[in-house]
Every structure is written in C-alpha cells, then in structure tokens.
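In what follows, chain A forms one complex with chain B and a second complex with chain C.
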Partner chain A sequence: MMRLVATLLVLIGLSAGAGMAETIYPDIPKAVGAPHPEGNAYMRINHMRLMRHDRDLTMREGDRSIKYSIKECVACHAVMGPDALPISVKEEGHFCRACHEYAAVKIDCFQCHNSKPEEGFVDLLKQMPPATDDEIQAYLDGMSQ
Partner chain B sequence: MKLPALNNKSERPAELNRREFFKSGAAVASVTLAPGVTLMAFGGEASANADPGKRWGMLIDVNKCSTDCNACVKACSDENGWKLDGHPETDAQWIRKVDLKHKTTGREASLPMMCQHCETPPCVDVCPTGASFKRVDGIVLVDKHICIGCRYCMMACPFKARSFVHEEIEDQKSNAPRGKGTVESCTLCVHRVDAGGIPACVESCSATGHGAMMFGDLNDPNSEIAQALKNYPSMGLRDDLRVNPGVRYTNL
Partner chain C sequence: MLSTLYAVLFYVATVILIVGTGMKVARYARTPAPLKIPVSPAPRTKRGVWFRMFREVAFFQSLFKSNKWIWIFAVLFHFGMLLVLLRHLRYFTQPVWWWVDLIQPIGVYASFAMLAGLGGLLLRRIVVPRIRYISNPSDYLMLALFLGIVISGMGMKFLMPVDILAVKQFFLGLMRFQINELPAQPGVLIHLGLVAILMIIFPISKLLHAPGVFFAPSRTQVDNAREFRHLSAWASQLPPLPEGIPEPEEGK
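Our next item is the complex of A and B:
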C-alpha cells in the first residue's frame, strides 16, 4: 500500500513537471479498425475478462460468432515494422507491449497465440468502414440497459 | 445446447451476463458497427455452437491408403503449424503414418494414426485439471489455458496420439494456438468443422486421388459415413478397451 502511495506521489510529482508527462505515459499505437463501442477506458480495464469469457465459449462450445477474439485483437492493433509487416510482441512498439510494460503485467497469451495477424487480415480490416457516431451511440445506449 | 456450467447464470460474474447481452440484444449493433468483421473472421457465416446431436468421426479405408503417401501428415502440419524437427522422440505428432505387416500372412498395410476421438476418452478421465475435454459433438481437445503439462493424458492414451511441446514456439497458426509446456493432439480441425468444412487431412487425401479418408457425422443415419459404416464391416482400433473411437478403419 505504501508503495502504491509512493508511486502515485512520484507520478503526480513528475506530471507536474513541464514536459515530463509525455515521457512517462506509454505511447499507445493507433488501431486500424473501427473503435471499440465500449470505449477505450472500459476496454483497458476489462479486455482480459471479455477475452477469457469468449475463449471458453469458442473452445468448449464451438461458438465462433464471439466478439472478443485474440485473433482480431492482434489484427486490428497490428503495428507495422520498417518492412511494412506486422511486428511481434518481442519487438518494442507492439500494441500489447506498450501498456503491459508500463503496468509491469506479464502477458501469457503469446506463449501459445501468435502476436502477429495472419497474412491479409490487416488489409481486410482496413477496408472496413468505420462506425458512425449514431451507430456508436446506439450501441452504448443498448449497453447501459 | 450448452454446457451446464456456462449456462448457470447465478455462477457467472456480472460481465458475463453483460456479454450475453451483446450476443442477443446488441447483435444488430455489432453487425452495423463492424460490417464484415464476422464475415472475415468466420468465413461468411457465423456457425452454430457444437451440436450435441452430432458425433464427428472418420472412416479410413486401409486398402486405399498407400505406403508411400504422406499427404495427410503434410496437410495437417501445414494447417496446424507443427513440424517434425529431427527429434522423433519428442517431436509433435498430430498424425502419423503407420505401416503394418501381418506376421503369418505377410500382408502389408499402411494407415494414418491420430487421436481417435474416443467416446469415453481415457485422456479426459485422467486429466487432473479438466484441460482434456470432449466437446458435445465428440471432438476431444486440450484446453491449453489450463493444461499444466503433467502428461498423464499421454500415458493414458492407448494410441500414443498426444505429444508434448518441449520448446518455445513462434509464429503459430492463428487457428491452432500451441505453446511450450502443454500437450496437444489432433483437433479434428475443429476450426474448419465449426465453419462447415472438413479436416485438412481428409481434404488432401481425396486431392491425391486415394480417397482413403471419409469425414462426417456418425449420428446422422443419412450421412455418407454412417451409410458406409452400416453397409460394410469396420473396426475401431483396440476395440477391447471399449473406448469406442470416433475414427474407424475398414479393410484392416
């Protein structure tokens, strides 16, 4: 607990210093597809719960219409390297790494799952038209029920 | 239609109920929000869940299988991203060719061996974590998220169908996640089956013209495989163990 308080104090102290704030927060790469209708704040806190729930549905019950699959995460959030190919989690700048390194939380997913999308997947996502404001609003309204 | 544990709402954390809402009420929104996502990821149509009325299985005609053909093994390795690495003791073996010779008659035969997707799978019986499991449609899988790599299932399997991943793996196929410290075996290409397809080995076997492998629903009396099983003699390997394999062999 004391450590947490101390860290917070340090964070506050640092962000108060002009120009420092940019350097201590992770640089989160932009995704290519439509934004999460739940909002980024929700996803930041809950992405692992959503993925864990949906993985059990897919694997155990064969439900392939699920919404949160690691396959789509890594495609939509792919970061391209200098060779214009998606980089793996071993390389700095990978989407998942950006926050996980900052939060010091180890990712186990990529021991088994590929951290790069399969060929062609990212291009397909790019062709996807982004959601309109109305659509996002409708989704959020529905969720609050 | 679903496994009881996941159906039991009272046992679910709150987010999961919320998630269920996504599936029903917000289905329209998710379609309009991300048109094409489902299309791309799931091959055109969202497939139904594993169907408890079905039992997926295979019939292998040993007469049609040829000793010098390895197409099924190659297809499986391409599809699922495993490869033989010159360490026969420990290499992954989702499917392998077995050559047999009858001791008295000298008759030779060759056949593909893989997980037999037993109806009463010993691997599931012995698994201490629940990682080995059988889907309601008869496909036996390993849940690598909870597999602890104890390898009891490898000892229990009468068919040596399972292998253990000894080394770190990179660049897996996204349809076949696999990693160090877990056990794996033939998945009957469950990702293809759920999308309405057939296993890669069966597809490649018919592409070679041998046509020694047949895939289908054993429970559907009108399916090609059920008809063939009804009309011709066939056997499950080690029938004495009464595990009732979903993979059966004929002309063995």
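Our next item is the complex of A and C:
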C-alpha cells in the first residue's frame, strides 16, 4: 500500500506540468449594471430558484413588484456581437451558455422568452439605481473569489 | 485544506479501487474450475455462452427466473445507477460529450428509480424472515451506503443546490493533477465522502459480484461435456496413467 502511494506521488510530481495550461473553468462574460447584492456565488447557485419563485408570485398571485425577472437578467448580462448588438442564446458567447454548456444543464427559458434584451433596454439600464460603493465592493469581492 | 484532504482521499480511493479490483479479478481468473458445471439449460457453443452472459448482465436472466419481485427492485437499482453514473460524466469531460448532454434529464428520473430499488431491497432484508435471518451487517451497510449517496445526491439536485461549476473544476483539476477549491457545502462533502468510502471498500465487498459474474463457471462454461473431455490445466500435468488404462482423447 505504501509503495502504491509513493508511486502515485511520483506520478503527480512528474505530470504536474502537463495540462496546466488548459482552461478548466468557463470564461464568464462581464455584466453591466449594479452588482447583485447577494453576491455572484449566491446567484450562481440560486438564480433559477429566485426566478421560479418570483414567476409564481407574478403568475399565480398577481404580484408584479417582484425582484427577479428574466428581462433584467438578459439586459444586464447582454453580450454584444460583432455588430455591437446583443447576441441571442443561439450564438456562441451568450452569457448563459458559458456555464450551462460547461455543466451540461439545459436552458428552458428561451424556448418562450427572448434571450436578447428588448428594444430600449438601454433605457432600462438607466432606470436602475446607481450602484453604491458597498455594492461595488461586494461585486469586486465576488469577482476576486 | 479541505480541498487537499478530498483530493488525496480521491487519489487514494481511485488507486485502491483500480488496483484492488484488478487483483481480485486476477485471482478470479487464476482460480481453477476443475469440473464441468454449467447450470442447465446451458448453451452448447461458445457463441451461445456469449449470448447467455449478455442476457445475464443486461437482463439479470437468472434472477428473473428465480424471483420476480426482487428482479424488479434489482433492475430499478442497477439501471438507475447506470444512467446516474453516465449522467455524472459531465463532471469529468470538457467539452461534455453530446450523448452525456442528451441523457441529463433521464439521469434525474433514474435517481428515483435507484432510490425505489434500494428501498425495496432494504425492505426485503427487514421484512422477509428468511432473508432477514441470513442478512449480515455488511449487507445492510452496502444498502445504507448507497442510500446515503443517492439521498445526498438528490438533496443537492432538488433541495440545496450547490456550485456544480466549482465541483466540476475540482474534478477536472484532479484529472490534471492540480488541486482546485472544492465548495465546502455539506451536500458536496457528504456525497463525495460516501463515494470515496464506496470506492475504497469496493474491492473487499460483496459488490465484487459485478466483475465476479464474468468468472462464474456455472454461467461461463459451454455445455459440451459429451463432445469434449473437460481437463483442467493442473490435471493435465499429472503423471501418466498406469499401464493398461487407455489415455483419454485430447479435447477442447
């Protein structure tokens, strides 16, 4: 057993250099607008539950003052194509695709919803409250994690 | 610290799983089968044996013939586990293979099949008096271990989602001999810890029935005792027979 472990350690040492350059984490496009107060790590895990929760509030209970909507997701997280217009989820490099392809999780949203911000999404961005210093700091902390 | 601990744990567990199971398989392969003991009705050709083994492994034929309700639970568990394992390939391939991408939703349903199968097999050990009498602690341990793995896995899927991107980064890193951060969420740590335990005890457990079925003489032998004399390797090295007794014809 000890010999096995020793062999293994030697193997690790020998191949430490090999394959280091490969990227093994998705390249996540940067977003515009105010950072999520919950932090990126939280949103990464829970975005779908938040949207589903608020969808039920809106659709079943008629509460329209919800916090999370897919419209705002695609607005802040829009990625511009070569023509400087937002690209759709069908195109490489769309924000959602980066992680969803990596984790092999199917995106159902865009069978019905628009994956591009709608006309005048820039106005929508302008309506958003400017980020406070704390929020920016939280965002930067999240990014550096 | 935790990441390093789990990384070492998985390296050790992988070595034990591969080397340990390999040693067991080598021992099975060397074990002599001196007698012709295929369970009849047995195929009379080599091709027939291949076909029989396929039916045994793919459909659990002998179990089906002996006990229908155990067969149902066994099929639910084993094929559920197969799909769940294939679904987990997404953590070890980058880019994810297209067919692994395709079976992701099926793998989710398969987890319920696995749970139902395990539940049934556990109930069988507790409820059926005969089975209860012959059940050893290790029988319960294996079921409990699998139940723990399935429940913690389904918990991460349905109740407490975890950062699967980081989990994948951790395992892709292990495959490249680099240690990345493993998210310290209870679901991840319990699930992976139990899986590592399973890998470590696999070569000394009853789970060896997986490779073992391919070395069972009662299933792998050809029923041709009339056509050919069955002579095991060690018997053919015995000293020659005394005078007056004719040598048997060489066969097979």
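By our rule, the second predicted complex is superposed on the first by the 102 of 145 C-alpha atoms of A that agree within 3 Å, B and C clash if a C-alpha of one lies under 4 Å from a C-alpha of the other, contacts with A are read in each partner's own complex, and residues count from 1 in each chain.
Keep this in mind: a contact is a pair of C-beta atoms (placed from the backbone, for glycine too) under 8 Å apart; a residue touches a chain by one contact, two chains touch by 3 or more.
The structure presented is a predicted model; accordingly, all values stated were derived computationally and were not measured.
Legend: residue contacts after superposition of the two complexes on their common chain; A:57 is shown touching chain B, with no touch to chain C.
Of the two partner chains placed around the shared chain by superposition, chain B and chain C are both touched by A:46.
Touch criterion met: A:26 reaches chain C, while chain B stays clear of it. Touch criterion met: A:101 reaches chain C, while chain B stays clear of it. In the superposition on chain A, contact is made by A:113 with chain B only, not with chain C.
In the superposed model, A:34 lies in contact with chain B only, and not with chain C. In the superposed model, A:88 lies in contact with chain B only, and not with chain C. Contact comparison for chain A: of chain B and chain C, B touches the greater number of residues.
Using the contact criterion defined above for the overlaid structures, shared-chain residue A:71 touches chain B, although it does not reach chain C.
Residue overlap on chain A between the chain B contacts of one complex and the chain C contacts of the other covers 46, 49. Per the touch definition, chain A reaches chain B in the complex via residues 33-34, 37, 46, 49-50, 53-57, 59-65, 67, 69, 71-72, 74, 88, 111-114, 116-118, 121, 124-125, 127-129, 131, 135-136, 138-139, 142-143, 145. By the touch criterion stated above, chain B contacts chain A in their complex at residues 2-3, 6, 13, 15-16, 18-19, 21-23, 25-26, 29-30, 32-38, 40-42, 46-47, 49-50, 133, 135-137, 141, 143-145, 168-174, 177-182, 190-191, 194-195. Looking at the complex, you find that chain C touches chain A at residues 11-12, 15, 19, 90, 94-96, 100-101, 104-105, 161-165, 168-169, 172-173, 176-178, 180.
Considering their complex, residues 4-5, 8, 11-12, 15-16, 18-20, 22, 24-26, 41, 44-46, 48-49, 99, 101-106 of chain A touch chain C.
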